[in-house]
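First, the structure itself, so that you have it in front of you.
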Amino acid sequence: MKLTKDQIAEIKSQQSQSNSTKRVTVPELEKILYEAIPALDHGFVRVVDYMGDDTSIVQSARVSYGKGTKQVSTDSGLIKYLMRHWHSTPFEMCEIKYHIKLPIFIARQWIRHRTANVNEYSARYSILDKEFYLPTKENLAAQSKSNRQGRGDVLEGDQANEVLELLKNDAERTYANYETMLNEKYDGSTIDDNKKGLARELARMNLTLNTYTQWYWKTDLLNLMNFLRLRADHHAQYEIRVYADIMLDTLKRWVPITYEAFMDYRVGGTEVSAKGKVIIQKLIKGQEVNVDSSGLSKREWNELMIAFDLQEKIV
Amino acid sequence: MKLTKDQIAEIKSQQSQSNSTKRVTVPELEKILYEAIPALDHGFVRVVDYMGDDTSIVQSARVSYGKGTKQVSTDSGLIKYLMRHWHSTPFEMCEIKYHIKLPIFIARQWIRHRTANVNEYSARYSILDKEFYLPTKENLAAQSKSNRQGRGDVLEGDQANEVLELLKNDAERTYANYETMLNEKYDGSTIDDNKKGLARELARMNLTLNTYTQWYWKTDLLNLMNFLRLRADHHAQYEIRVYADIMLDTLKRWVPITYEAFMDYRVGGTEVSAKGKVIIQKLIKGQEVNVDSSGLSKREWNELMIAFDLQEKIV
Amino acid sequence: MKLTKDQIAEIKSQQSQSNSTKRVTVPELEKILYEAIPALDHGFVRVVDYMGDDTSIVQSARVSYGKGTKQVSTDSGLIKYLMRHWHSTPFEMCEIKYHIKLPIFIARQWIRHRTANVNEYSARYSILDKEFYLPTKENLAAQSKSNRQGRGDVLEGDQANEVLELLKNDAERTYANYETMLNEKYDGSTIDDNKKGLARELARMNLTLNTYTQWYWKTDLLNLMNFLRLRADHHAQYEIRVYADIMLDTLKRWVPITYEAFMDYRVGGTEVSAKGKVIIQKLIKGQEVNVDSSGLSKREWNELMIAFDLQEKIV
Amino acid sequence: MKLTKDQIAEIKSQQSQSNSTKRVTVPELEKILYEAIPALDHGFVRVVDYMGDDTSIVQSARVSYGKGTKQVSTDSGLIKYLMRHWHSTPFEMCEIKYHIKLPIFIARQWIRHRTANVNEYSARYSILDKEFYLPTKENLAAQSKSNRQGRGDVLEGDQANEVLELLKNDAERTYANYETMLNEKYDGSTIDDNKKGLARELARMNLTLNTYTQWYWKTDLLNLMNFLRLRADHHAQYEIRVYADIMLDTLKRWVPITYEAFMDYRVGGTEVSAKGKVIIQKLIKGQEVNVDSSGLSKREWNELMIAFDLQEKIV
């Protein structure tokens, strides 16, 4: 990630602010406010604003439950209770805003989370930066044979180099042709004074999907956790997981108690189906179980065994 | 509005905070932060948190439009442009949280605005306060004859007194019976040690719709304006307009430039249909127009004439 | 539940339709289309329209996953896979519309599910029916001692009668006074020709929360399941569970494969936290576990033991 | 647009259905159900399901307003009233589902409408079709000088050919390299048996933004109109307008009364600000007005004059 002079200056200026407020503040999050945390080769994650903290969740819950919450004596106990029982609305009372730079093909996954506010850089108005994502060699994985949406082994030697070469050349050439069509360089300079430029809203169609875009992305804490639960998961594509992992760190700084409960009940937890419960009950009682009589499919059976670390029972 | 000792202490404590932050702050809004602004006879509106200000809208818009926004030189010009052309997403980048106390029948209207986060006091968990809305005499309007959902003249003399008497007695009696069923007084004291209390989730059904409830209500600036546009309008029921008017004041403090644009383009503006445009064009050219040849219904015609203050043309 | 002559005629007329369509249809659901299924003492649930069936989910999923879904050979296998892995968007491709009559205090819980479309009977425009919910004696439960939002034992003898008497009298008196204020009977007849009626939007505030209202409620299949998961659960208030249980039956008629998967993975399933997983693993291995060393709170421990039917370990 | 044999067979099969239903049906829409209506060079729009018609809107409105709607005697009058006064919820009671094939850069605009349900073809699972959008020469517009997001004159002669050549070559080459990296042709055949293929979720990043994707897109009537209002507007990019125009035709078939009201009040109508109203009032009275004393910016002034066809007053 390389920031421009202007960007560095803007971040410095934002960080040098010191305003007085009666709102709750989170010193641990303030420490990294506005900072551009690198992601992939040219991307970043910046926390640019937030509202509320762990106590805001507690306060809202206590408004809802009134004197009914007195028996849960601590903030931590209450937050764990809310998380465990899917009492989700108090978590909506906190809000966070990120500035994200990311490749377009990842942006297309990300945007499917609809309950967020987004302002994306518009390539109808402006020229996109000359930056595109190129994976590191370790991340050049082959298509998985067993999982239709997953990655298998890493490509080796020549083939890895060949892929990187193709990606690089195609991105560079399509970008160069984008400039040609616009009759304008990425830095705003005109190429040929005797020519018109193609409309930006058209020329952009020549760019490849690894071109970087950027946006402001704002969401409440509940929907942030829904996002992270899916995108920090090992099923998620590596490139979006890189962002989710960084955001998990910001979550920890922002609302540490909620973070703990989230890791315990959502990220580290598992779901067991009605049929799966019967199997687990039998296992606890020392009874014989097997996939054929379980009512589970082979795939489901294995997922259950993996969830409870029963490697020897995988079929 | 009468706050309890505890509430007054809590507000004082919240207001005495002075935290340091790198986030943008709005001094005019900070002045009234946490304050309980009275609404109706026992209700209130409190701003309890906020995120962003006018510059946050501008900043998001400039991310979207990039260099494309340079020609709109001022923040005010840009915000007006966004408002006029329904470029709505930058207004979603600001967020505000209110604590509201309001009668249940108004809460039922309010909750229809779905794009907000809400934590309401739960009468399954706790006993509702012994407070109910009684209109002032000036607000005891008769059913309108011309408008099925509106109010007509104010009720006079004895009838007004009679209505107030009925409302007051029914609310008091149903509340007293609520306590009897709960076997518990509003202050938490048990009525009869030898009796059980009916479950709160059941007893509450005996309360009248003018009983007060309260909630935390959080929304983004765009949806706040959508709410205010409908609820500060003269078609809205008076009792919700009281709240909307107070919130308009908080809007003005919070984002004064946006407030100006909102008043000009949304609240004070009007919409003209395709057929209405033809009528206005003819009027400007001094041509004869009348309802029969206009293609408008009588009702539509009159709405158009009122919008442009052409009283003499109302039919 | 007593329908008016007009309502009965309307339902008959709707049911007598026989239209030809190229859309998918669900014969089992068509059988009960428009029918008013009784709920509580005066409420009902009617399915009035629907779109899609189990095959619509499959079709959408196959568009998403393309050839990638070929390995899941059956519709049933694919739907189970989608449900298990929270691939939720295909379930949004089906839609259903209900006409519901329900007490206001239940409507207030119900409306918190925001991702639905609603048209409620407006008491600003029209007079509410003279119908209010009175629980049966078996449902007159005392406040639970252990669960702040729950019900305990049923009230006995005289106290039950007393409660029913209070509920009935208060509902009837407040309704009668509602008519007096409106100067209009529930059947539309004027009471006193020399008086004006109070505006409907005001008079309604005198009604108790067990008065019945009605609405059209439309949602997609995913959000219907989210609703049912919470509201058909034993933690839900009995009065809303009555509706959810009826709707579960309509779900079974509409999308039987999805219903099966929903019952297995959501309704009958359970969630286990990261800490809980460790306990279950130890139990399977026959190792000693106890609440003190588990890292779980007593409450959490008991919830886990109940989920896996280990009554003897409850502390 | 060229459909595969399989697609043609599937459409024929869907269209040959004739099911009996008690639901409302719309014969005009049934006529084109499932049909692939061509859009751009390789795209299409298909209506694949729907729920409700004009009478469903009326029915919902009459539930809301009860006897209060009796005075609006006709369905058409009621729908116009609802549209004019932004009583939007009855329009949410109808639902429609489309199958759309479209270029990715248009899909990125489209997806910003969040209140819809979407299942997109996943390039993590499957290989994208070898189809990319190439504009016709008439649509190769230069960047507008006056409007930062608009198009100006059409490119002429050689430059147009050059642009088309670049777009075509880059799309073809990046697609060919996509196949090379996948080690798999678009038809599923393996290229080199001794090589592994790069994971699909990675290889896709090499494609250009004019590559076609497809999705199922389902929305309610209100949100469909919000979409069409913005995307059938002359400010919208030509390529999305092509789709919106086709969908406007399907709207007309589906709900003809609503369509009329929508064209009159939304598409053909205009909004006038508070300051603009004063100008129009003066113009009607024959008073002198000019931009300097109007309180309007030059841009705003001109927009107002254009809206009312006062060409001579444009400055």
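Letters are used for the chains, namely A, B, C and D, taken in the order the chains are written, and counting of residues starts over at 1 for each.
Keep this in mind: contacts are C-beta pairs under 8 Å (C-beta built on N, C-alpha and C of every residue); 3 or more make two chains touch, one makes a residue touch a chain.
Only a predicted model underlies this, so the values are computations on that prediction, with no experimental measurement involved.
Common partners of chain C and chain D, by the touch rule above, are A, B. Between the chain pairs B-D and B-C, more C-beta pairs are in contact across B-C. Per-chain Cα centroids separate chain A from chain B by 35 Å.
Here the spacing of chain B and chain D, counted between their Cα centres, is 34 Å. Rounded to whole angstrom, the centroid-to-centroid distance between chain B and chain C, based on C-alpha atoms, equals 29 Å.
Residue positions of chain C touching 2 or more other chains: 65, 68-69, 89, 112, 118, 122, 125, 148-149.
Of all residues in chain A, those touching chain C in their complex are 65, 68-69, 71, 77, 80-81, 84-86, 89, 112, 148-149, 230, 235, 263-265, 267-277, 280-281, 283-284, 286, 297, 299-300, 303, 307-310. Residue ranges of chain B in contact with chain A, taken from their complex: 14-15, 17-25, 30, 33-34, 49-52, 56, 59-61, 63-69, 89-90, 92-93, 95, 97, 99, 117-122, 124-127, 188, 214-216, 218, 220.
Within the complex formed with chain D, the residues of chain A that make contact are 103-105, 108, 111-112, 114-115, 118, 122, 124-125, 133, 135, 139-144, 148-153, 155, 159, 162-163, 166-167, 170-171, 173-174, 177, 180-182, 195-202, 204-210, 237.
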